[in-house]
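Order as written gives the chain letters A, B, C and D; numbering starts at 1 within each chain.
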Amino acid sequence: MQRPDMSVAIAGIEMRNPVMTASGTFGYGAEFADYLNLESIGAMITKGLSLKPKAGNPTPRIVETSGGMLNAIGLQNVGIDAFIEQKLPYLKNVNTPVIANLYGNTLEEYGEVASRLDGLAGVAGIEVNISCPNVKQGGIVFGTDPSAAQEVVSLVKKNTSKPLIVKLSPNVTDVVVMAKACADAGADALSLINTLTGMAIDLERRRPVLANVTGGLSGPAIKPVALRMVWQVAKAVSLPIIGIGGIMTGRDALEFMLAGATAVQVGTASFLDPSAAQRIAREMEEYLVEHDIASVRSLVGALEV
Amino acid sequence: MQFKAMVLSNVELSPGYFRMKMTAPQELASSAPGQFLMLKVNDAIDPLLRRPFGLFDVGSFLPEYAGCGAQIYCEILYKVVGKGTKLLSALHHGDLVDLLAPLGKGFDLGPAGEEKVLVGGGVGLAPLYYLAKELKNRGEKVRLFAGGRNRDDILCITEFERLGVETYVATDDGTLGERGFVTQVLEPHLAPGTRIFACGPTPMLNAVAKMAQKSGVPCQVSMEAYMACGVGACLGCVMKGANHTEETPDYRCVCKDGPVFDSFELQWS
Amino acid sequence: MQRPDMSVAIAGIEMRNPVMTASGTFGYGAEFADYLNLESIGAMITKGLSLKPKAGNPTPRIVETSGGMLNAIGLQNVGIDAFIEQKLPYLKNVNTPVIANLYGNTLEEYGEVASRLDGLAGVAGIEVNISCPNVKQGGIVFGTDPSAAQEVVSLVKKNTSKPLIVKLSPNVTDVVVMAKACADAGADALSLINTLTGMAIDLERRRPVLANVTGGLSGPAIKPVALRMVWQVAKAVSLPIIGIGGIMTGRDALEFMLAGATAVQVGTASFLDPSAAQRIAREMEEYLVEHDIASVRSLVGALEV
Amino acid sequence: MQFKAMVLSNVELSPGYFRMKMTAPQELASSAPGQFLMLKVNDAIDPLLRRPFGLFDVGSFLPEYAGCGAQIYCEILYKVVGKGTKLLSALHHGDLVDLLAPLGKGFDLGPAGEEKVLVGGGVGLAPLYYLAKELKNRGEKVRLFAGGRNRDDILCITEFERLGVETYVATDDGTLGERGFVTQVLEPHLAPGTRIFACGPTPMLNAVAKMAQKSGVPCQVSMEAYMACGVGACLGCVMKGANHTEETPDYRCVCKDGPVFDSFELQWS
């Protein structure tokens, strides 16, 4: 048998396989170069980038929970300019699409960061993280209010000619409403889910474990919620979808594809196993071989309900 | 690098403290004292994250198989504090664990001829043994100051002495060595021409760093932080750099910029 | 030292300790009588009761996930009349408060069930499950819409003189809005959280594992989300709160109390260990003894943030 | 009841099939064939839920300790199919597991003098051994019909024969016994005065139930379902009763109303 066709495309971004690395869990790529072949994965997504460098939250920033972990990194990043100067040159030499994840503290910042990335060689697309509080509007989170999300996405769309992926928050009553709002505003693809908001408590100290009090829950614990949301959105919206949440194995990734995802992102798994993204792509291919499936694309949305 | 290591032995040294020896690839022979490893105690998702441990020793041994050449081993010294270390303490000869090693930045051994002063609190002794071995290999004069709550916390002193290290011990309750803090025992020994290498609880490191600054003695500290990735990617393990302020933040990754820092690089409370 | 005072009261329901058993995970009490002393726990909550007997969903109804489980029982229950005839007499002989969990498929049914329970001896209070789709309003879930929730709670309040606990769904953008709506409508206490909606997929069969496609996620996986919501609601609302979600140990329970819960409910843990509720109460007491804490009530909301 | 059991032995009988013997409290001596246990394979949350297994055997043994009286043991026969059974297969003598047992409703052995016909598919043999033992203790005539895909699926036949059971084997590929379905071998043996006890994959039970109905032979089946609580509380394990319709639903709990049912109680497809 021929090797199965693992390639997929998301809004024009061609990938050798559906496995991308999730924002904030793969640094700026170079950190993992010793552990896997960066040219074996589908695409890399950068740490969330903002207009100015961001310090992030005080520590502790992470804590393990049952089957998951909480993080409150606070979107620490080098800022868009340092990214372009210091991180991008390395990534340009890697033959794998790089997608810049970006966010803003205000609506305007979103537009600004997007326009700085526009036309930049070496950036195949952008992923907009709308799970951030809007500093100007008293902290209401862009990603939980359909009209705020729509505003952000429309503005970014105006400022970029690159494929535009919008990353959805799971902390909403109806993810489909959010997905539709982003689709209407011009998103080319949707990625979901970001982390669920959670909290851990240190009983002895009677204090929250995280300095930030709450944090984002990721890892295998959230996979059922992520699968459900991917399935809901895939039914309702015709954009390509990137599934994220607790993917640890090739089988997990393929489940997300059945639910309607064209590609997946691997986050927390890279902490447990720095070669996870490569391993997962290999496991997916092995599954296809064993089941005599010619193209991974034939699985997208193939769930029978 | 990432590799599977086979447990060679896993021995309880004093109540709750274990020393575990594992096979390692050749590459580990060029690790530096102060570097650490990240260990996945099982294949399950509970505990989910790897656990970081300092390299207690790295060396070579001759396996008892006919015709088998010298192999590299690495050792850790650990204290059972929670779920991960409890599971770890149940491992036996022959069990496999998944390791990332060597990670981070080790100690700068400094110029020859100085008096090297090692300060360890409790399980903070762990990286100091490998360090002492390297320093003695270079023929340096090495003193160790070890502290703990009681004598059960004072580990492997004989091993240090066997290397030719001069040892000083202090315990909070006086059950071994002098009664009191190790820093009290240390202070009179600090003088120009000495260099400090310290590892232990943060309050101890804080005291040592201040003492070093006062005496004008160079001082390196090995820090701990809650870690997820161990490779500088998650930004979970950061500490405040010396000039950190709310406005001009300066965070350092313990896993990548450390775990060993010059004491003046960091902000002390 | 004297034994610590473990007693708490929720809206006038006096309990010997803060550990209640969660609805749907403890049957009608009798199922667990062989495994623990029913008179060692704070209170028992019944399986969700409806006006008519309810068959529930086809099978499979449950599946394990990482650190959790999904269930889609479909609220199978004997119905309020059979409960009163067949199950309540047994429970009346147990010296532990019994709280009836109830739900309706329409607004009117909620009112009807509540009124049948009113004045009934042996029922110390009622807990209203608002995480149910409103059959008449095209399936919109009462518990995700503040005005629908308010309607339900007001109606139930009119139909009962018993302490009224409202159980909140976590599948909302802002649980505090829901909590306030229920408080305004007359709830005497709030319990949270119910399950997070999730999904599991059988890769080989390319089908959802659960016949119902989606189900409710419970167990340790959801604890961080539950703790966060309890903390948020406790800050915002002055009603007593019952914390639920992934509680496996006495320490877990005490963390919920620090976050602001006056009592807790143990659900999935009873499947792993049928004596969990009793064990958890004992572990809590042991912690108090070790830490020389005279009354468990002193921990409620004692988190320092 | 809930108790901790110590593993006495855990042996691979044929590829992927294990037989595990555990200590049990005195109360288990009064369990009935067809009842089952729920086992927690470890203390972790992965796997989270208990796993159900039929009682393969219950009996008493004399431990090799001086002065120690007879003790009760229980046994299970299991197939490694996923995470839980894989972990189970790694347990050794001396390991502890947490058990709920005996659970559910066992077989009704029926009046004396009948011919008892046991039908097992693959690991469905498990509860039939305990049943055969009890029936033989009563002096009944017992025949066993065992089916599987190939000879590796046919377990413990010698043990059944040692009890004095007449055995018949069929495999899909003919590597042991007759080639074909066990139901084909069974059919000619059904006659008034026989009573069927069957356990195995649902399609097999379906065929057996229909055959029994046709022949007018009483038939009990032991069913499987995904279980959480095992005590009738979660309502996760239900099956459709014979008269179940969408309008007048009739669900039975496999854990409490079963796992053994009269075949006519259930709805077959």
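As a convention for this text, contacts are C-beta pairs under 8 Å (C-beta built on N, C-alpha and C of every residue); 3 or more make two chains touch, one makes a residue touch a chain.
Predicted model only: the values in this text are computed from it and were never measured.
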item	value
Chain-contact steps, minimal, separating chain C from chain A	1
Chain of greatest Cα-centre distance to chain A	D
Whole-Å separation of chain centres (CA-atom averages), chain B against chain D	54
Rounded Å distance, chain A centre to chain B centre (Cα mean)	36
Between chain D and chain A, distance of the C-alpha-averaged centres to the nearest whole Å	47
Of all residues in chain C, the ones touching two or more other chains	66-68, 219-220
Chain B residues counted as touching two or more neighbouring chains	45-46
Pairwise touch network: line, ring, star, complete, or other	complete
Chain C partner contacts - residues on chain B that touch it in the complex	45-46
Residues of chain B that touch chain A when the two form their complex	1-2, 40, 45-50, 98, 100, 225-239, 249, 251, 256
Sites on chain A touched by chain C in the complex	65-68, 70, 144, 171-174, 196-201, 203, 206-208, 213-215, 217, 219-225, 227-228, 231, 246, 251, 254-255, 258-259, 287, 302-305
Residues on chain A engaged by chain D in the complex (per definition of touch)	66-67
Residues of chain A defined as touching chain B within the complex	24-27, 31-32, 34-35, 47, 55-56, 59-64, 66-69, 71, 73, 76, 219-220, 248, 268, 270-275
